Amino acid sequence: MTRMPQQVREALQDLMTDYCYAVDGLKDVEPLLDLFTDDAVADLSAIGLPLMDGKKAIRAFFDGVFADMTHHFHMISNFRPQSWDGEAGAMTAYVIGMGRAKDGNTVTVQVHYRMECVQQADRWRCRHYTITPMMPMPGSLEEIHGNH
Amino acid sequence: MTRMPQQVREALQDLMTDYCYAVDGLKDVEPLLDLFTDDAVADLSAIGLPLMDGKKAIRAFFDGVFADMTHHFHMISNFRPQSWDGEAGAMTAYVIGMGRAKDGNTVTVQVHYRMECVQQADRWRCRHYTITPMMPMPGSLEEIHGNH
Amino acid sequence: MTRMPQQVREALQDLMTDYCYAVDGLKDVEPLLDLFTDDAVADLSAIGLPLMDGKKAIRAFFDGVFADMTHHFHMISNFRPQSWDGEAGAMTAYVIGMGRAKDGNTVTVQVHYRMECVQQADRWRCRHYTITPMMPMPGSLEEIHGNH
């Protein structure tokens, strides 16, 4: 691939890190949604969660998550540029995600994130987000975040 | 905020990483103490541990920790600049901290570090350090590091 | 030590990250082997696994690992330059390593990696690799990766 410029690489690492802080805030979903383009696709189907097409669907999903959870912890590392075409850049990373739901149920996952991102007027945003499992998923993931 | 310069950002990331190596060394407390200013405050009260005012108090706490523990592992990631005023910079990060005490008791925590740092003659040092819990703290944290 | 140049530091961080992606791929051992020099030494003896002298021995070990495992997850962080002599650079990092074997056995370790690396015609490669335990090793490490 064309080598991703260093400043793009840093911007994508910051975006993926900002995502973790935003998803762990658990109070205000707006900073999280602001990291996605309006037409973003978030494909969580590989871990048994929804494939969301557009920010409205992403909002609905995270509104539910934020309502259900008391604690979140998403540690991200292993950043690696995957593609760069001069406009869009894709980066992957590893995440250990942990959560505790209001009913006391807990979940820990080891997953792989891929975010394809573009620069908009004020900041970089993710237009395609995929989560892939790396270790077997625990049953509590579906119990906590599934359609229940 | 004023954007933190890249070299400050890297210095703070290195300082926070050095802290993890120093706290995991468990033999010599001096490299750990050298990362703090003489008047540093270390506020661990949010995880049920002491609020320490000044390097003497920090030394006493870590003397005890180093005497009690056989193993330490503090993995740090999710670095994010939080403030920069031209002299002092604050950075946050996520940490998975693990330890095993001499009595065989073990502890794992998922926490958020914040270090406010200033540049001194020879290196950057932390003048205010805070740990905040992200997942519920285990009972063994108090058993191992509490006033016992 | 002589300060490691920033571009060397970034190359070694990328090499260590590439190692994690390669060891977690579990399908093709070639991208993993390509990260080592022909005469590389991989010393895993401190965690009860082999000391391997040369790429042939490293290949044999990882052929076995890839045959045995269904899942791998190696999260790396706490990168720190350790030495730089103008040609060879050593970097350390922390790793949480997880695996699931075909028989369902699982293993999690918290370890310290050290890679001593040199630049060859096309890329940086590791010529000496050491793993050191940070937390007590689980019995399943020997069950899964030992001589059985």
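Going in written order, the chains are labelled A, B and C, and every chain counts its residues from 1.
Convention: a contact is a pair of C-beta atoms (placed from the backbone, for glycine too) under 8 Å apart; a residue touches a chain by one contact, two chains touch by 3 or more.
Just so we're clear, the structure is a prediction, and the values are computed from it rather than from any experiment.
A.B. asks: Through what angle, to the nearest 5 degrees, does chain A rotate to match chain B on its C-alpha atoms?
C.D. replies: To bring chain A onto chain B, one rotates by 120 degrees.
A.B. asks: Would the interface of chain A with chain C count as same or different, where same needs over half of all numbers used to appear in both copies?
C.D. replies: different
A.B. asks: Could you state the distance in Å from the CA-based centre of chain A to that of chain C?
C.D. replies: 28
A.B. asks: Quick check: what residues of chain A touch more than one other chain, meaning two or more?
C.D. replies: As it turns out, chain A has residues touching two or more other chains at 75, 77, 96.
A.B. asks: Per the contact definition, I'd like the list of chain B residues that touch chain A in the complex.
C.D. replies: Residues in contact with chain A: 75, 77-80, 94, 96, 110, 134-136.
A.B. asks: Can you list the chain C residues touching chain A in their complex?
C.D. replies: 14, 17-18, 20-21, 24, 71-77, 96, 98, 100
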